[in-house]
Structures are given as structure tokens and as C-alpha cells.
Amino acid sequence: MTDAKPLLEARQVFRGFFGNPVLKGVDIALYPGRVHALLGENGAGKSTLINLLSGALQPDNGEIVIDGQPAGRYSPASARAAGIAVVQQELSLTANLSIAENIGLGAFPRRFGLIDYATLHRGVRDVCAMVGLTEPLDMPVADLSLGRRQTVEIAKALYRKPRVLILDEPTSSLSAHEAGVLADLMVTLRDQGTALLYISHRLNEVQALCSHVTVLKDGKVTGNQSLSGIDGEGLVRLMVGRETGDLFPPRSAAQPTATRIMVEGFSAGAVKEISFSGRAGEIVGIGGLVGQGQEDLLLGLYGAIPAKATKAEISDRQDLPRHVQAANAAGIVYVPADRKHEGLVLPHSIASNIILPSLGRLARHGLRDRSAESGLIADLARQLTIKGDVGRPVQALSGGNQQKVALAKWLPINPSILLLNDPTRGVDIETKREIYLMLRNFATEGRLVIIASSDTPELVHLCDRVVVLREGRVAAELEADAISEEAIVGAAMGVEQAGAAA
Amino acid sequence: MTVISSSDRLYRAIQGRRNRGLGGLYLVVAAFVVLYAILFPGILSMGGFAKFTQNWFPLALVAMAQALMMLTGGISLAIGPLVSLGAVIAATTMGGSLGVVGGVAAVALTGLAIGAVTGVIVAHLRLPAIIVTLAGSFIVTGVALILLPRPGGFIPDWLSDALAGHTPTAFLLLGLILLMWKAFLATPLGLGIYAAGDNPVGAFRSGIPVERTKVVAFAVSGLLACLAGLFVAAQTGSGDPIIGTPFTLNSIAAAVLGGVGFLGGKGTMRGAICGSLLLSVMINVMFFLGFPPVAQYVAQGLIIVSAVAVPELIHAWRAKR
Amino acid sequence: FLALSTGIASAAANCVKGDRKAPYTIGWANIYSVPTWMKQTEGTISAEAEELKKAGLVEKLMITDAQGNAQTQIQHIQSMIDANVDAIVVIAGSSNALDRVISDACDKGIAVVNFDSLVNTDKVTAKINTDSGEWGRVAATWLSDKLGGKGKIIVMNGPAGISVSDDRRKGAQPVLDANPGLEILTETNTEYNVAPAQEAMTSLLFANPEIDGVLSLGGSLSAGAVMAFDRQGRDQVPITGENARQFLELWKEKDLKAWATMQPNWLGALSVYTAVQALEGRNVPAFIKVPLPVIDDTSVKGYLDRADKFPADGYIYSDYDKALFDNLIAQ
Amino acid sequence: MNIVRSIFRNPPLLTLTLVVAVWVIASLTLRGFGNYGHLRYLLELASVIGIAAAGQTLVVLMGGIDLSVGAIITVTAILLPLISPAWDPTGLVGIALALVIATCIGLFNGAGAAFLRVPPIIMTLAMATFLQGLLVIVAGGSAVTVSNPAVILLGQSRPFGIPAGILLWAVVSIFVLVLIHRMPIGARFLAIGANPLAARLSGVSLTRNTLLLYSLSGLFAGIAGVLVLGMNRQGYVGIGDPYLLTSIAAVVLGGTSILGGRGTYAGTIPGAILLVTTTALITVVNASPGWRSIMFGGLILSLLLISGRETRR
């Protein structure tokens, strides 16, 4: 394997945006039958490098080499012709086309110039079986949850029968089960001789799957080595460049106090007549397979979708918030999972995004108080270590930094209840640590944090209590020592009735 | 979890799905058509059907032209002038040495060319379609006025009779055009219009030639608008340099009624066609109900709003249950 | 009632077949009912229909409004044919777009009377109009006489692509050719409305320090031009125009050297009357030419005296009665 | 070099630069164009478009479009003389009533968009149709000439040699600019325009803002209607028609994205001036109607090629 030729290489590539250099002379080589990890903090330039490798962007300098030959005029179409497929971090799907058509897009089998739906169907059925996509193939992608769309994106890449498969954070919105399917798939592909490049901020996945690593920092390669014999600690050290402590902060000893949320017979969207409660000072996790009503529970409590309850007590009020403003007024805030579509106004600046919920509060005599605003923004940016000019559009930020903005905007409200939907998706390990610490501090300050997550370790190590949902009902409620990966996954799959179901 | 077993069912299943959300509109349109047939049973005769479909046909074509533009994420304000230009070119060429065949070719080429040029400006220079086509509408109107400063020109009688006589040729043509559209949509290029309109970056990364796709869509849109003009010329037996003006807004109304969205990639041609049918049949129904002009205006506004609002409200109400 | 019963089918007018009996259903296929001229015209039509209803000749008046869309008007006329009305009165939205549907109506034995904006086809019972060419010719002649055949003038036309506006302009051309002393500085095309005319004229005033006369060919163009002169502090010049109330009032107020003619709104009433006459078996001429009434310094006062009866943005038309109609039909 | 680049990066400034360039070139080549009175007149004409486009700018910023501005202008201009009470010597009551009506029409638009979920383009198009029906009833009524002194003053007077219309536009401009840039609501409109879902989840009420926005658009159209009535001393059916497309064109020429969420009224202002300038240029050229139309379209297109280059999606 070592003497095999690399299938795809980047040699000394440079790339900048509007004068800001992002990649400064990066080398990477992908070999057949090897899973290559690409690590780096948010904004290190990983996605940019991938865009160069797949022809979506052109390097300012340096070259892309395929099978030892310089690629020349390189576009996504020619990358496909060369057998290179990418699972993009930004989904490349078309909402109103069916799953099958999305998977075939750009690589349709043809007959007499027309799309050959029969052949397409066969090919698509095969790749869907590989990735575990069981939805009807004629279903529009718009009807799928984010995690399922991510699966479609993976199927789309596989459909092209790639020699080189690049996966940019493919598991960020996948459930543990789906991630497991993907891992098995990657092993199969590797054994068939495919070259794989894998990007993830979940280091346990990297450790389990990858045999070689390239580490990017500030647009330069700071590490390029085999992964054999390197443990989790070592991986982190490699990435961050120094010794680090525990990822998860210790649980606080203080007992939770007053009840902040108490609902009975609560229904909203997919959630059916559940009881749920949370007390000040707690971090409550909500687990389960993807799409079992976790999001609807949060949205219902937030007043963003119609909800009803036979009995409700929320921050001293006796009813559910009827709309978002009411929820905000009651000190409830919500950080959505799909930050690009729901959490942030992408084309607007960091500052505008941060200030949006507090506009009314800061206004004086109906006019915006610019100095108060910029003071607040600067404060928050410092507090959450959001670097650089706050006038930049959020669009131009890396995923992790976008997540920080989505969180930061709520802090001035001084919320008493935080509803978080997968807040660490796509966030690098350092930022994760910061976010976990922040959440723990929130709880210690006497707030209630409710966090839905697809990242099971997060539920196990961060939360004081975990509620597992299954088909819109509470499958299990785990507390303290009863929280474990097995218990959560088991309850989610409906295997065992662990804990006291409410 | 229905997994489709037989292959050609995939295509049919996809097509079936695309009726989703149009049920309300189908119902409204069907109700109007039935009402019309009750008010005027003559519609069920060959001649009556022919006349009715002839009056609907050009609107159906421009609705398609507009829907195509909207699928790419743009909107055209030049549809009406293109109709006029199509009519003018037909009426000025068919009497001359070009003859009917040459005249039809001239109309088609003009439509394709103007559409393609607009498409190039919009896709490659990245200007908003709405304002490019606004400027284009003045230019196209100007050309039509120069070619034919006042209504006139010539269309051979046999052509008028063939297209707009007492046989439902127009309806058959519409069927044919829809078939061709279906075929076009079954090509990678045609389907690419949805991708290019909905998620241009993603489409590009999937290997779709986004710019080229848009140019083709614009060209086809121009072609359809000019062909509508050709039909109008045949129907009226002559050309008129400003006859198309009202088609611009009507085409937008028809497409939006049919569920075509502005942001690109959302909507179906069948919806747009239904929207145009509603707009057209509504006029006849109001006539036979004996509405005075004031009521015509008010009813028209109400019908348009409720055709969109009612399905939406029913949907919201269902979601709440 | 009037001696309508010349009732011999042999003398029947074009299109009309003998099998239609009073009271008649009349369809009024309006191209656009919103503009004031149209509203006034519709007023004369409705009034006439009421009158004929009393006489037992008309049963119903069906009114459609094509909202300015010739294509819709075709659809309306088709529906009128389908509903088998006895007569159709129509202002054409396009001078030839309606030809085919109107000849269909004629074939069905429906009395079709077309006024104001005329169609090309001759398969109608009657066309009724003033002469647009003459409109332009007399207007140009008056202006030329006023200026002594010499001077710099501006020509204001109605919208481009409309046959009425084109015909008026064409009618003026021979006069302009015959008077080489008249120099046309610029021509404009605008809607027959005050605001765009005023806007265009203002720009022209700045570009042309010397203007001797304005040949304005209809609608409210003249009022707009006069207001432009007034607001820019320029001396008024001889100007032609139409019977728009605003123009006539400005004429008096600014003591203009002016001349006006009109497209009488009662052409509508006359058309209904003619249609019924034709259905009753009277022979009506294929073309009823209505002479252009002229408004000059002497007659303008008579019009302004009646101004209160007309909308402020409307047209003060000359009086009409049955005798006038009968005279016109008998010509 | 740097200045040039920053001008090109800033759509409002670019449009303004274009206006100045066109004015300078036209003044040097066309007799009478550069006359102070003429330029002032152009501004006065632009003020109507500018005021109508103020509402349109807000609507477009929030991701909608208002196809009823023309009809609202007409309705205001025609209703105002009819509803001005005779007992009010100032005429202000009549103006206030007319503006209330215009605002209510806008409110209806907003209600349709917010509660019935009708796409704004359809809602406002249907509203324009309704208003046409209304006009069939009221138009041709007896009193369409203004005797309302306040309206006449607005249309005809020139305090300090500046037409009142321009002053009114200046006031409207300041208000709209403050609203967009200095008031919380402006930021909310922009957020909704760029991403309604995210805005809603950030506590911005779609319902309330939609209602407010379309009411404002109706109000501005109403103000434009009052002004146009004063300038022509008479309302007539169709008086507002030209302002529908011009208001949209002014917004887009000013660099505001038709998709919403990006832009400013500061661009619309020169956009409106650019439009009337182009029209005036075409008017003085002696050419056939066809060629004039081509020249107008060509001019807009070429100005767009210069100013719109940076306007990427």
C-alpha cells in the first residue's frame, strides 16, 4: 500500500477570499485503500481545501494532481469524470426534486438523451441500501430531516462510484446509528481500494476509522503522519498543539432548585402527550434517534409551533408561550440545529445577527443606540472568542464560529431557560469545550439548560438528566449514574425499558 | 416505507408526487370548468371547445414561459412585449418571400435569440432578471413598433383557420407542447433547471453547468412567448405591436396561482397551466353569470386571492389538527 | 313611437337576419371601462338602453370590460356569440385583432355595431366614427393658418402603435407638407393623459427656447402642455386640442389661442340606437360618418356653461337627440 | 484608484455617481438640459417616484413586492377631492383622510400576506384589481379637480425657490433612512427579508412587521398620490399607472436586491433621479416611437451594466 501511487494530490495550493489568505501552501495526497483524516479548528481551511480538490474552486496558486497528472482546467464535472466524489458540508441538494433525482443529479444515466429512470432506479436503490436510506425514492428532499438529507448526500457521492471519496463532516447531523452504518460503509470502500478523505470534529470517529492524518492550522499543514499508535489525547494534542484538559466540565454538586418548566399532557408536532419538567440549575438532555420529536418538543416549548398541554407551568406562568416573543419575554431562548437556515441571517454581518433579539431593548426613544450596541457586540465577541471584524457577513464564517454567533445573540436577554438543539454540531473540539463550560456555568448560575443532541457522549457526560424520546413519547428518563451510552441507545431503539418511563 | 419495486414506476411515482399541494387548485379549476359547462353547454361541442381553448392557449403559453423564468430564480417583465414581437414578425414575414414556414422559423429564432441573450446577461453578468427584462421590454417593444408601427400585416387565412378555426388545434398543440416539456424535463439539462434555480452552488458542485442551463431556460422561455405571439397573430389574422402588453402581469399571476415560487426551483408546469386555465375560464364564467364590470373586478380579485389562500388555510388548519 | 317599422327584410342591414324579435339583448363589449371618457361613453349607452327598454325594444344590456386586453375582449365577444345576444356594440381594443371573432358574430346574424376604435373587417352591421384623418387635417390647418404657415411647432401624439393616434398624425401630414414654413421641432408619444404630457412638454420647453405652436392630437394632451407652459412661465402659444373639460377651462382662464374638436361620447348611444334600428329591419349604412364638431373662441363658452354636468377630468360633449341620430343614419 | 474601487463597492454611491455623470454629459451636449430650472424640474418629477419607491424599497427589503402602488396613487388622487370636507379651509383634513385610506389599503395587503399567506405579489396584484373596480364606481364623479388649498400649495409652491414636492421628498427620505438604519424595525425588516425563519426564531414577529410594512407602503403611495395630484391639479384614472414599474426600477437600480434582505433607500434616491433623467433625455431626442423605446431600454441596460455588476446573488 505504501508504494501505491496517490490518486489525488494537492501540491502547494494557495487560496484566498477577497484578499484574505485561507490556504497558504498546502500539500495533501490521497492513496487508494486508506482513510485519510483532515483535522483542524473551525475556519482552518478544510472545506476550502476540499473545494479545490473537487474543482468547485480554483487555487490561486499551486496545482491539483490526479494520478500523477496535473488537472489543468478543473471543474466539478471533470472531477466526477476522474472518479472523485464529495460529500459536501453545505448540502448540494435540490429541495423540490426527489431523492432519486438528487442522487443522480449531474451523473444521470441516459437513453436517447433522456434520463434513463430505470437504470437510475437500480443504481439509486443499490446505494440507498448501502447507506440505509429507506424512504421512498420519489420523495422530495424537502420533506426529509437534516440528517436524512445528509444521508442522501452520501448516497449521491457513492452513486458516482468514486475512486476517491471525500467526506466533509458527514456525521455532523447523523444519529449514532446512522454514523455506525457510515463507518461500516467506509471500511468496505477502503477495503475495495477507494481513497477516502474524512473530516470530522468527532475525534473518536477519526480514531476509529482513519489511518493517516493531515492537520491544518491557519492555512498551513502542521502535521502529516500516520495515526497508528496515537490515542485520543495524542490526537487532540496534534490538533491543538498543546496539552488539554477534560472535554466535559465536571457536574456541579449543587442541587437543582425551583421548577422552571413543568408540563403535563404536552403535545406539539410529533410529540404526543408527554410530561416533562426541568429545574433551575439543571442541564437536561434530550436523546433518541433522529426525528423522534426532540425538535418539536423544543419548538413547542418555545411557542414557535402550535402546542397544547393539559397543565403547564413555565417560569412562573401558568400557560405555554403562544408565540416566540412571549417565550423571549418569559426568558426562554432557542438555538436551532440548522443554523444556516434557522439560526442565522447568513448574508448579514456578525454584528447584525448578534444584535437582532436585543434591538428593542437597546433602543432609546425609538432610535437605535449605536454606541450601546457596538459595546455589547464587542463584549460578546470577546466573551465567545469570535475573532475578527464583526462587520463581516456571517456567511463567511466557519461553521464553529457561526454556532458561536447563534448562541451569543441570546446572552444579552439574560435567559432563564435555554433550549438548544444540537449546539455543537460541526464545532471543533476547542470550541466544544468552551461551549460545554459555558453551558455548565449557565446551569450553575441557576438557569435551566435543555439540550437535544445527536452526539451521545455529549448527553452522557454533560447532562444531569437525560430524557429519551421515541415516536413522540418518553421512552426513558435517566438520571445521574444511570446515564450511559448503552442505556440511551437501548431506550432510543426500544430495546429495553430502562429507567422510569414517565 | 414503500420501496418502489418496478423501475418505470419510479418515474410515475415522481410525477405523481409533483401533484402534491396542487389538489386545491385542481379542485377550484375543475369547479369553474364544470360551472362553465353548466352555464354554457355549448362548450361541450367541438366548435365551442375549440373557441374556448383558443382563447386560453396564448395565456397558457406565456404562463409556461413565465414559470420557466421563475424556476431559474428570476422573473420576466418582457413576456408581453415578446408576444407582441412574435405577432409582428409573423404578420410581417408571412406575406413576403419567407412564406409561412419561413415566418414561423423567424418567430421561433427571434424568441430563442432574445431569450438566450437575456439569459447570458443575467447568468454570466449576474444582473437581476427583473430589471434586465424591464429594460429588455422597452427594447423589444421598440423593435416591434419599428417593424409594424400600427396594427396590420398579413397572415394567410388558411393558417388562421387551421390554428384558430372551428377545430381544437390549439388544444392539441398545447398537448404537444406539454409533451415536449415533459420530454425536456426528462433530460439532464431540463431537470438541471430546478437544481440551478433552487441551489445554484450545490448544482454547480454536482457538475451541472449552471450558467448554460439558465441560458437554455431563458431561450426556451423566449421561444414560448414568441410562439404565443405567433398564435395571437393567427387568431386575429394580423399583427399588432402592443397587443401583448397585458400578458406580462397575467403570466405572473397564472404562474404564481399555479404554485410557482420566486426563489427558483419551486413549482410545476402543470400548476402554471392550471393557473392560466383558471384565469381564462373565470372570465367566461363571470360573463355568463352576468356580472357587471365592478363585480368583475371585485370577483376577479377575490378569486385570485382565494385560489391561493384557501388551499393554504386548509393546509394550515390540517397541520393544527 | 318613432316610425321604426320600415320592417321589410329585403332592406335588411348587413349581418342582420330576419329571425330576431324585440325585445333584444344587447352586448356592450367595452375594452376598458375605467378611463373617464369610457365611463362617460358607457353612460350614454346605458341611458340609451334604458330609453329603448321603455319602448319595449331592449330587454337587457350586457356589459363586459376587457381591462384593456384585446385578447380578453375577443373572449368576451366569443361569449356573447355563445350566449346568442342580438346585437354587439364594440370599441375595438386593437384595430384588427377582433376581425375574426366579429365576422363570426356577423355570420351568426348578430347585429354588430363598431364605433370609436374601428376594426378592419367589413363584416359588421355598421361602423360609426368621426374621421381621424380629418381630425388631424383640420387641426393642422387651423394651426397653420394661425401661424401664417410659418413657425416652429411641437407635435404631441397619443400612444404609439394605436391606429387612432396614427391616423390623426397621418391626416396632419399633407397639411404640414403643404406648409414648408412649419418646422417640427420634436414629436412626442404619450398616453392621452395630463401628467405625461406635462412632463414631456416641460422637458421640451427647456430644450427649445423658441416654440410657436403646439399641434396636440387629442385627449388631455393639450391641458398638460398648457400647464407646462404656465408653470415654466413661458407665454402660451396657439394650440389645438380636444373637448377635455380641463383644457376648455384652461382655455378661458389663460385666454388661449386655441381650437378643439371632439370624439363625441354619444357615439355609444348612437351605436346602440343603430343596432336596434338594424334589428328592427331598417337599412343602416355600413359606415356612419359623424361630423367633427368644432369648438372655437365663439363656441367654447357654450360648452363651459354646461361644464358642471360633466366630470372634472371628463369631456364636455355636444348635445344629442333622436333626431340627430336619425339624421346621421339617414345620410 | 481606491476611491474608484470603493465607489464600485457601494451601489448607492455608484448610482449617484452615474446620475452626476449623466447630468454633466447631458448638460454639455444638450441645450437647456443643464438649466437650473430644468434640473430642479427633474428632481421634482423624481420626488413622486422617490416617495412611491420609499414604500417599495421597504417592501422589497423585506422580500416582498407591492404591485398596488400605482393603483393606490390613483385612488388617493381621485378620492382626495371627493372627501375633502368643505368646512375645512386648510384642506389638511382631506389629506389626512386620504392618507388614512391609502394606509388602510396597505394594511389590507399586509393582512392578506400575513394571515391568508397569500404571496405578496398576488395579494397586491389582486388589490390593484379591486381598486380598479372601486375606480369604476368613483371615477367620473363630479369633483376631481382639487380645490384643496393644501394640495395645491404642495404641488405649486416653491419655498426658497425649491418646489414643495422636493422638500416633501427630503422629509420622506430622512424618515425612511432613519427607519432603515437607525430604528430597530429597519433591522427587523432586513432580517425578515434575508431569512424569515431565522428572524422569527429570533423573536421577530412576522405578522406584526408584515402588517406595519405594507401599511407604510400604502401610506407612502398615498403621499405620492397627494403630491401628483397637486402637481397636475387634477386626478384622473391612470394617473398612478406609470409609478408601478418606475418605483420597482428605482429600487433595483439603486442596488437593492429584489430577493430582499440587502439594500438601502439611499440607493433608491439616485435610482429615481436616474429614471426621470433617462426619460427626459429620450423626450428631447427626435426619433420615432420605436427608436425612443429602444434607446430608453438600452440606456437602462447600459447603466445597469455599470451599476449592477457587483450585485451578486
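Note that the chains are named A, B, C and D in the order they appear, and that numbering of residues resets to 1 at the start of each chain.
The criterion applied here is as follows: contacts are C-beta pairs under 8 Å (C-beta built on N, C-alpha and C of every residue); 3 or more make two chains touch, one makes a residue touch a chain.
Everything numeric here is computed off the predicted structure, so don't read it as measured data.
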{"item": "Longest centre-to-centre distance from subunit B, chain (CA-based)", "value": "A"}
{"item": "Centroid distance [mean C-alpha coordinates] between subunit C and subunit B, Å", "value": "35"}
{"item": "CA centroid of subunit A to CA centroid of subunit B, Å", "value": "42"}
{"item": "Averaged-CA centre spacing for the pair subunit D and subunit B, given as whole angstrom", "value": "30"}
{"item": "Subunit A and subunit C, separation of their C-alpha mean positions in angstrom", "value": "71"}
{"item": "Numbers and ranges of subunit B residues touching at least 2 other chains", "value": "144-145, 149, 293, 296-297"}
{"item": "Residues of subunit C touching at least two other chains", "value": "33, 65, 67, 160-161"}
{"item": "Touching two or more other chains - residue numbers and ranges from subunit D", "value": "132, 136, 289-290, 292-293"}
{"item": "Chains grouped in pairs wherever the two touch, ordered by label", "value": "A-B, A-D, B-C, B-D, C-D"}
{"item": "Residue ranges of subunit C touching subunit D (in the complex, touch as defined)", "value": "33-36, 39-40, 43, 65, 67, 157, 160-161, 184-189, 191, 193-196, 198-200, 202-209, 220, 224, 227, 231-232, 246, 308, 311-314"}
{"item": "Interfacial residue positions of subunit A with respect to subunit D in the complex", "value": "302, 304, 323-325, 327-328, 334, 336, 341-348, 352, 355-357, 359-360, 363, 366-368, 409"}
{"item": "Subunit C residues within the subunit B interface of the complex", "value": "30, 33, 62-65, 67-72, 74-76, 78-80, 82-83, 94-100, 120, 159-163, 166"}
{"item": "Touching residues (chain side subunit B, partner subunit A) in the complex", "value": "1-4, 7-8, 10-11, 13-14, 16-17, 20, 183, 186-188, 191-192, 194-195, 198-199, 201-209, 265-267, 319-320"}
{"item": "Sites on subunit D touched by subunit C in the complex", "value": "30-33, 35, 37-38, 41, 45, 81, 132, 135-136, 139-145, 156, 228, 231-239, 242, 279-280, 283-286, 289-290, 292-293"}
